[in-house]
Amino acid sequence: MLARPRLALSRDVAQAAYRLLAAALLCAMLAMLSDVFLTTSNIFNVLRQTSLLFLMASGLTLVILTAGLDLSVGANIGLSACLAATAIKGADSPMLGVATGIGCGALIGLANGILVTALRIPSFIATYGVMWMLAGMTYYYMAGDTIHGFPPGFRQLGSGYLLGVPMPVYVMLVFLLIGTLFAQRTTWGQQIYAIGANPVAARLSGVPVERRLILVYTVSGAMAGLASLIVLARINSAQGDIGEDLTLPAIAAVLVGGTSLFGGYGTVAGTLIGALILTLVLNGMNLLQINSSWQPLVTGVIILLAVWIDNRTRRIGE
Amino acid sequence: MKHLLISATAVLTMLFSGAALADGETIAVFTKNQTNPYFQAVRVGSETAAKSLGVKVIQYIPTKPDSIPEQLSQVEDVIVKKPDAIVFIPVDYKAMVPAVEKINAAGIPVVNITDRSAAGKFVAFVGADDYSIGLATARALLKAIGGKGNVIILEGVKGSLTNTDRVRGFNDALKESPNVKLLASQPANYQRLQALQVMENLMQSFPSIDGVLAANDPMAVGAIEALEGANRKARVIGINGSKEAVELIKAGKLLASGDFNGFIQGCVGTEIAVRSLRKQPTPNEVILKPIVIDSTNLTPYETPVEQRACPTLEQIVSN
Amino acid sequence: MSMPSLAQLPMSVARVPGVAIVLVVLSAIFALTSPGFASPANIANILTQSTILLLLALPMTVIIMTEGLDLSMGAVLTFASIVLAITVLASGSPVLGFFAALAVGSCFGLANGLLIAVLDIPPFITTLGTLGVAQGLSLLATDGQSVVGIPRSIENIYSGALAGIPLPVIIAAIAYCGTHALLYHTRFGTYVFALGGNREALKMAGISVRGVLIRAYVLGGLMAGFAALLMTARLNSAHPTAGIGMEFDAIAAVAVGGTSFERGNGWLLGTLLGVVAVGVLRNGLNLLAVRSSAQVACIGALVIIALFIDGLRAEP
């Protein structure tokens, strides 16, 4: 049984504390600057937008924990969304659509995993290549067309409410729970951390590294497939370029959330906080009607700040 | 290794599907990206016209959407192949001028459509008057809300000529209605998810919105989704006249859509290119009239572009 | 100090690298199936179109050899080209504009280097952050519009030729030779080779790792500024989206060329071959009028196939 090193615990706590503090400060600042920030509908907006980003980034967290990377997340969402949309409209069946979306995402993830383990191609390049191939397939399949108009039952997934709270929030919480339990409490989860921290040692301890890596990429792909369903439900249509600008924000959410690119360190919960912080920034800029040209700059600075703070807290933990 | 070479050759040979040579002239058509239905309509229009005129059309689209350096490279590569004529939508109307100059230097006749290039010699320009479309469609919305209320503008891509002109049309229409207040004018990059989120955020700041002027249909759709999600009502207009918009107008959710007709521009652009090759007279400019599609004039737009027939040049010019 | 000839050994062994195979196969196929492909005009085209990417891929090779990455290059190139254009328009002097671009590039490079080497922030994140900053500045400076009105003298840098060879190709060749000399014939180069995969040894030898890293990233920024000149010349304008995504293409070209992310062994010639291979692929597909969606897929396939071949050859 592999246990995470004890000394990481205080670093964990410090990191999470700083992030929650940052999120709280942001909220306080926005509440002061805009009198509509703290309204129920805006809070729900923020939570809905956060859940989409979180779902895209949650599986990606596991990949990054193994010191890998998945650049194909956005393209995955694009293709999965378009295929799922066809299933929903063509067969008039939301269930088939859900299965198609998640299934397509998982297959793509599986392909990534095989390229990385069996063909031993570095994950950066493998997923970069897959990203282009998926984009080509999506463009070919959609042929410049759009698919729109899904049954109300399906759209509940994106725009519906349950007990007054938006549906995507529940999906987010469910996967937060599943992701955290998996990572912290199961053997497989522990093994994933071990692979990231020291792949050689992990292998020597009997961890089936290749199988776990394939699992991790497949899960990342499946989560992208799930995220694509939420996107479909929200915008009620599918177009070939849906996933285009989604990969870098997803990666940013994971990194702002404290997961290390070198592997072995980070949490799914951290990714949620990262997604929340990034969404708060965009929401705030929209509410305050700040020129959208500032958005990349502000986001870039936030990313740098987040990681710099991590470095300082790393010193505290050691 | 041998297997790899053989299969690589096989794969590449299969990709020839686009390259079979035919008799008749060859026209190279350049569009901005593979995903916007507007450009698909242009491509379909060009191919429909080509079939009826007995010419072959080859499509060039950047692999990275709206990529300026890529379109430049494609122009340079195409010049080597020496097509008989070119129909050209510049990815950026200012930055692509060097590409047009190269085409001019190679002596290939070129027709400019959709985005008017800032410079260069063209056989003709075929486009819609984005300003008039914006003006007419906005006026339709202002009339529908009775000339008073609160309105939001959703802008497209900054720096895009169509966007600048359409928004100018919106603003001028607003000037005609002094009792209408413009609450905000925010860009959503012509994208529907972005428009949805921008609209959601704007609805927080403004509890009362009567109308939304969206510079294209996908953004209008995003706005409608946002409004429905929050159980709010407002009149929304878009521009493109897309299949989606037509269905939404039928369903009563979209008030109107300005007809920015890619199909016709593709048709007419190709027709003019062919006519110039066959030494037939061609007009210098064809500006399509602004038409606002609403529930009263839907029917002709319900046919999908693939099944429509190209209007002849005479029909268009005489209108 | 002995020259890093040992590091060059694995590549000089008679196992042909994946990128070379891919390049030869592609060129052969296109030459056979497309009449204009092998013409001097077209070859000149391919080489000229590859120059900007090469200018980015050369320093990227050095950076990857230090186990780093620079995601900000495309955005820095774009911002530098905007600064160049604005400076030329304001001062009327192309030379001043060029130096302004170099200065902007170097500043970003320095910022990257300091954040990575001194503040210890991982390169991926640092350069992701500076990407955002550079992109934001580009948008703010231009409000999304092209900057036009640049004097023709700059455009001639891209379209001119010397003794029949296009100017950009000459510039790229000089850049290649310079980087080659830097990497294989200077102390800095030795340190770069040593850094990848064996940082501790370098530290123990008393060499400042920080200094090497900072210089690597400054080189990256400087070359991005240099490439900005070519880009502005090519477009005869500056546009805030011109260079977007080029760093990923550069990274792919470096990886396809055989430089490894982990072990830090670099092969500069491989990078050149990788860049040319991509250029050949794109050009060949355009000449064959392959449908655009297939072109997109082919680019991904190229990258995967090249690395797959390398994976077959590699030590277990």
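Each chain carries a letter (A, B and C) given by its place in the written order, and its residues are counted from 1.
The rule is simple: a contact is a pair of C-beta atoms (placed from the backbone, for glycine too) under 8 Å apart; a residue touches a chain by one contact, two chains touch by 3 or more.
Not measured: the values here are computed from a predicted model.
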item: Pair sharing more residue contacts (C-beta pairs) when B-C is set against A-B; value: B-C
item: Longest centre-to-centre distance from chain C, chain (CA-based); value: B
item: Whole-Å gap separating chain A and chain C, where each centre is the average of the chain's CA atoms; value: 30
item: Mean-CA-position distance for chain C and chain B (Å); value: 34
item: Separation of chain A from chain B, taking each centre as the mean of its C-alpha atoms, in whole Å; value: 33
item: Of all residues in chain B, the ones touching two or more other chains; value: 34, 63, 158
item: Overlap residues in chain C, where contacts from two or more other chains coincide; value: 139, 143-144, 291-296, 298-299, 301
item: Touching two or more other chains - residue numbers and ranges from chain A; value: 132, 139, 293
item: Footprint of chain B on chain A - complex, ascending; value: 34, 36-37, 39, 41-42, 45, 49, 132, 139, 142-146, 148-149, 159, 231, 234-237, 239-242, 244, 282-283, 286-287, 289, 292-293
item: Parts of chain A lying in touch with chain C, wherever the complex brings them together; value: 71, 115, 119-122, 124-126, 128-137, 139-140, 248, 251-252, 255, 260-262, 291, 293-301, 303-304, 307-308, 311
item: Touching residues on chain B, where the partner in the complex is chain C; value: 1, 4-5, 8-9, 11-13, 15-19, 34, 58-64, 66-69, 72-74, 76-78, 80-81, 92, 94-95, 97-98, 118, 157-160
item: For the chain C and chain A complex, residues of the former touching the latter; value: 115, 119-122, 124-126, 128-133, 135-137, 139-140, 143-144, 248, 251-252, 255-256, 260-262, 291-304, 307-308, 311, 314
item: Chain C residues within the chain B interface of the complex; value: 21, 25, 29, 33, 36, 39, 41-42, 45, 49, 52, 139, 142-146, 148, 155, 159, 231, 234-237, 239-245, 282-283, 285-296, 298-299, 301, 305, 309
